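Each of the two complexes below includes chain A, the first together with chain B, the second together with chain C.
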Partner chain A sequence: MSDFQQTALQLAEQQQSPEWLNSLREQGASTWAKASWPTRKTENWKYLSLAPLQQYQQLGWGAAADSHALDEVEQLQLDATRLVFINGRFSSEHSSALPAGVVRFGEADDEQRTLISQHLGRVVDSERHLFAALSNAWAADGVLVHVPRGQRLEKPIYVVNISTPQRTPVAASQRLLVVLEDNAEVELIEHYASDVHAQNGFVNSLTEVVVGNNAQVQHYRINLEQEDLLHVGGVHVNLQRDARFHGFTLAQGSRLKRIDYQVNMLGEGAHLDLNGIYLPRNRQVIDYHTNVEHCVPHCTSNEVFRGIIGDSAKAVFNGRIHIHPQAQKTLAELSNKNLLTSRTAEINTKPELEIYADDVRCAHGATISQLDETSMYYLQSRGVSKADAITMLSFGFINELLNQVPEQAVQDYLRPRLVSLFGQASETVGQIGYE
Partner chain B sequence: MTEEVESLIRKDYAAGFHSAIESETLPPGLNEDVIRFISAKKEEPEWLLEWRLKAFRAWQEMEEPTWAHVHYPEIDFQAVSYYSAPKSMDSKPKSLDEVDPELLATYEKLGIPLHEQEMLAGVAVDAVFDSVSVVTTFREKLYEAGVIFCPISEAVHKYPELVQKYLGSVVPQKDNYYAALNSAVFSDGSFVYIPKGVRCPMELSTYFRINEMNTGQFERTLIVADEGSHVSYLEGCTAPMRDENQLHAAVVELVALDDAQIKYSTVQNWYPGDANGKGGIYNFVTKRGIAHTNAKISWTQVETGSAVTWKYPSCVLKGDNSVGEFYSVALTNNFQQADTGTKMIHLGKNTRSTIVAKGISAGRSDSAYRGLVRINPGADGARNYTQCDSLLIGDRCGAHTFPYIESKNPSAVVEHEATTSKVSDDQMFLCQQRGLDAEKAVSMIVNGFCREVFKELPMEFAVEAGKLLEVSLEGSVG
Partner chain C sequence: MMLNIKDLYAKVEEKDILKGLSIEVKPGEVHAIMGPNGSGKSTMGNVLSGRPGYEATAGSVTFKGQDLLEMETEERAREGLFLAFQYPVEIPGVSNMEFLKAAVDAKRKHQGLEEMSSVDFLKLARETCKRVNLDASFLKRGVNEGFSGGEKKRNEIMQMMLLEPELCILDETDSGLDIDALQVVADGVNAMRDGKRSFLVVTHYQRLLDYIVPDYVHVLAGGRIVKSGDKSLALELEAKGYGWLESEVV
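On to the complex of A and B.
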């Protein structure tokens, strides 16, 4: 067992949690303790070093605090049911009243407890996802979103997780369980934010989504965090017949950020579309792993990921599509495009196809390049300065995905923040940022 | 329709006969004595024996790789015989007339011309039978041009400085498990040296044949193209049909010095096992070339044989403006498994590489493309284009793609695309409606699918490869 594995286990013991979660916690702890610590030879962690985690000799649980990041979060103008967690602690002061079906684990009634026990830790395969096992071991607080048959939650659910600066390293565990019965519908936004000052923390987040027949989820996962916050997270989804999952994800910040998307197509006619943007800069490291399991016929999936990697940052993308023998008539596509903008930046991408059925159409593509010279020339020949041309082209590269975001408030919130990454305070930034 | 297609792919393995030739075969087992025996048999100098022993000791410390997408029972390396040679070769025949007629008959049956006057003009052949080279044709003619083409065991004696300089310089002894094994026990193979500025006057080719039971073949090929030279090299291989699995672990090293060009083509047709997956060759091969400034290395392979293939011909693009190419067709049928692809390591400025890989899976087989494109920080202006297409025939086979793409240079441009499809009912319908029978139609569609690769093969081979696909696919269409 590595040092960090031990530290994390000790941390689990210091935690207060509802008794009925104990069996999940014990299971998680034993899987976590038995797991061999990933090295460069571990295929799933080949390009991502966990060394920054190992530096945490001592780790404690965080306490609620005030944060400037809250003001920043307020800028996302969305009429939603808001749940705010600060350093992993629920802040009722900043949260809205919860509608029926949305409840924190600690306050769940008997029926909801049964539902949680039935699904929590069942969508994710903790044998294959090391940090999911840790999340099970750390299961205490969390949010259940339950939408009964044929219903639709009026307001989007907006879960905000904020990390604040700490003197000694702290851990935060985030857990979200979404259960949609047949024909139900929900919109869910997960927002990870932090103060601008040094953080000294580790966030382990896990979202499990169960989507019933013909149900529909609109899901956002926005990671806008500070440089030295470490974050390992996962979104695990089970799709039943004709279920649809529309996902959007964005990652920026963190010296070590790893996000897994695992989508299991369990019913015919299920559909996934997933768009992602990653923008590591400075010395950040962002690693996206997606895995779509096509287990049954007639399902479709479409993934588009784009990344711009600058400074001495590093990005990893691994997109796996697995077509099982029965999954005939599958349509699966994946595209990953990358821009490298600095001599010290690095990108490792691996789109994988594993296909065992013949009547399918699968394709993937990956590209790596820099900004197109002819486009740069064109803009400059029209009198646009070089700096502005870079900003416009870089932003244009990801704006295509941003434009497809259905929630206007999310678009409006992200656009100026992303533009400012590519050019500081130029006039163009203002113009395209608020178009 | 699938069943009909499948019934058309069932094939006969034409090269599956065994020649009754008396051989001297070492009993199975591997230890330092075996290596000393092989070395003594070849009358090798001391340094080479030491080199082998070093590799052997490293091999003992290594573990068999398990990352490939192939499954096979564990290999007992002590149950393999590491040396086998036809007895008649002991006396070292001086000319073709002295060679055992049974040996010559074997090659005749395989359609490999060893008689210079009869042969396809313009192809020089080195024929390797189990662990020894039987004959090398056109040596005099090549010698006039300054080209050295001979068995590597002979080169060790005649050109020790060249061999010592380049052997293991591209694939070091400890490179991987099978390369280490090969370095310890390699028996024969070809050695080619093209002097400065020479364009090799004819195609060079080596033909490998496994004949003896329970033996493994461990050949080693070393090709050195000196500055500004040019060579095209072909390689073919077959083995008898047997119920046991036989091991083939070869190493090929290519050195293309400044401005040189090497074109290396393979038609691999080892015995693939029967329709139930019994028998067949385990083909675990390490092939790599190093390209210096302005040099070009081109790999073309047609893989139709072997029960299990594990093969990644690679290019290290060390010099500025060097070029690497990889064109591959891998066809698997019945229970065959192939995990094949390439590595393109871009080190120099303005290096370019192209990868075109076509996989065809039929029956219950699995074929995987596994490739690495790495752009190092110094490779300004590097360019890579990769295309992998898979064609599935039948619903019980698998096709996989595992491309690794790593870039550390912003001025590099890397593109990768992969698709998977099947022989569609529409395509079949169109062909049949135009009067072609089902088998012809599939053959035509498959040949069209592979055209991009076949056009890279030397003419004689392209025809053979096309035919090979036809036999291989016979009985698989429906």
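On to the complex of A and C.
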């Protein structure tokens, strides 16, 4: 067992958790302990080093704290049910009153416990996803969002996870379980943020989503934490007949950041669309792995990921689409475009198609490019400075995806923050009203 | 003197294109540059606006008394030089509005003026759209993204109107336009003729000069001016083609 595996197990022992989660925790701990630690030879971790995790001399659980990041989060102006976690601890002070169906695990009633036990750790395959096993071992607090048949939660659910600087590095485990019965609808936003100072912590997050027949989820995952914060996260989704998952994800890099999306098409007519943006800079890394399992006929999936990799940053995108033999009439598309803005930036992109059915339509593509010279010239020939032109073109590259974000508040929140990432001379871009 | 090109030599990708080009343009004048394909018409526009890869190797160009060739692309624009592109560039993701405001603000900043407020600019941009017969919805779309050929050219003229340059170079702005679109472009240009602003109108077809009447017509062939005259020269070219001039190219 590696040092980090041991550290993590010790941390599990220090936790207080509801007794009824014990079997999941034990199962998780056992899988975690038995797993061989990934190396560069492990296919799923080929381009991402887990060394930063091994470098923790000590790692403990965090405590609630005040955070400037909250002011920042307030800027996302959305009328939502907000749940705030700081260093993994729930902050009732900063959270809204919860509507029926939304509950923290520790406060779940009998019926809800049954529901949690029935689904938690069942959407994700912890044998294949090492850090899901860890999440199971660390299962304690978490949020259940349950929407009964035919209903829609009036307000979006906004889960905020904030990391603050602590004297010694802290771990946080974030767990979200979403269960939608048939014809139900929900909008969810997961927002990971931190103070601007060095964090040196580790967040392990896991979201499981069960989408019933003809139910619909609009899901956002925003990772804008400071670069010293390590993060491994996963979003695992089961789609039943005619169920729809509309996802958007955006992340900056960090010393270690890995985000997995696993979507299982289990019922005919299910649909996934997932747009993603990654923006590593400095010496950050970011690794997105997506995997869509087309298990039944007539399902559609469309993934579009774009990355801008600057400085000496590194990005990994691995998009797997697996079309099972019975999944005829599948339409699956995957596009990954990358913009390298420096000579030392690195991208490893791999679309991975496994098709075992013969009557399907599949398209995938990956491109890597630099800023277009002709476009640069065009902008400059109109008096725009080189720095502004770089900002505009870089931002334009991802703005196409940002423009498709259905929740206007999320667009309005992200746009100026992204613009500010692309250079100092960005004032011209941010102030334009996009009515 | 607005523009003084003196014995200019330029190359593109190691190939010599301009070979001793000389033109003098005074404020308020409209000069038409005609010539066969490959004569260096577009190269001239690109060298003047500072396109990377278009390298002046000898000769001089002064713009309002300053050494143009020493200036950065964006400096030239801010000083009042404008090139309407033969092939306007599509930039998805950058809205036309954002692009136009950045351009106008850059110029205003250069002139020591305040940036325009978004509200004022939007109003101005909408009015200008109307003048070139473009729907205001074009402002929200990506720069030239999915625009038809005619829409792209009208967008160039709109930029010209917003930036109010002192020297306008139109690089085959008429190519590919139907008569209606040509009329819009010509009306735009004519409205901007104020006795001070100068124009270099590069065209392959005499037709444009029925709408934009030039003070001078030059024939560019083999990288230099081989013949100059007034507007009647354009008619002569239309009637006889360029063949008869070949003997004059060294």
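General remarks:
The rule we apply is simple: the second predicted complex is superposed on the first by the 425 of 435 C-alpha atoms of A that agree within 3 Å, B and C clash if a C-alpha of one lies under 4 Å from a C-alpha of the other, contacts with A are read in each partner's own complex, and residues count from 1 in each chain.
The rule we apply is simple: a contact is a pair of C-beta atoms (placed from the backbone, for glycine too) under 8 Å apart; a residue touches a chain by one contact, two chains touch by 3 or more.
Since this is a predicted model, take the numbers as computed values, not measurements.
Once chain A of one complex is fitted onto chain A of the other, the partner contacts of A:Leu393 are limited to chain C, with no touch recorded for chain B. Within the superposed three-chain model, A:Tyr378 lies in touch with chain C and out of touch with chain B [touch as defined at top]. In the superposition on chain A, contact of A:Asp110 is made with neither chain B nor chain C.
In the superposition on chain A, A:Ala366 makes contact with chain B only, not with chain C.
Residues of chain A touching chain C in their complex: 373-375, 377-386, 388, 392-393, 395-400, 403, 428-429, 431-434. Per the touch definition, chain C reaches chain A in the complex via residues 49-52, 72-74, 76-78, 83, 85, 88-89, 91-95, 97-99, 101-103, 105-107, 110, 115, 118, 122, 140, 142-143, 159, 163. Contacts from chain B toward chain A in the complex involve residues 2, 67, 375, 377, 390, 392-422. Of all residues in chain A, those touching chain B in their complex are 43, 47, 325, 328, 338, 340-370.
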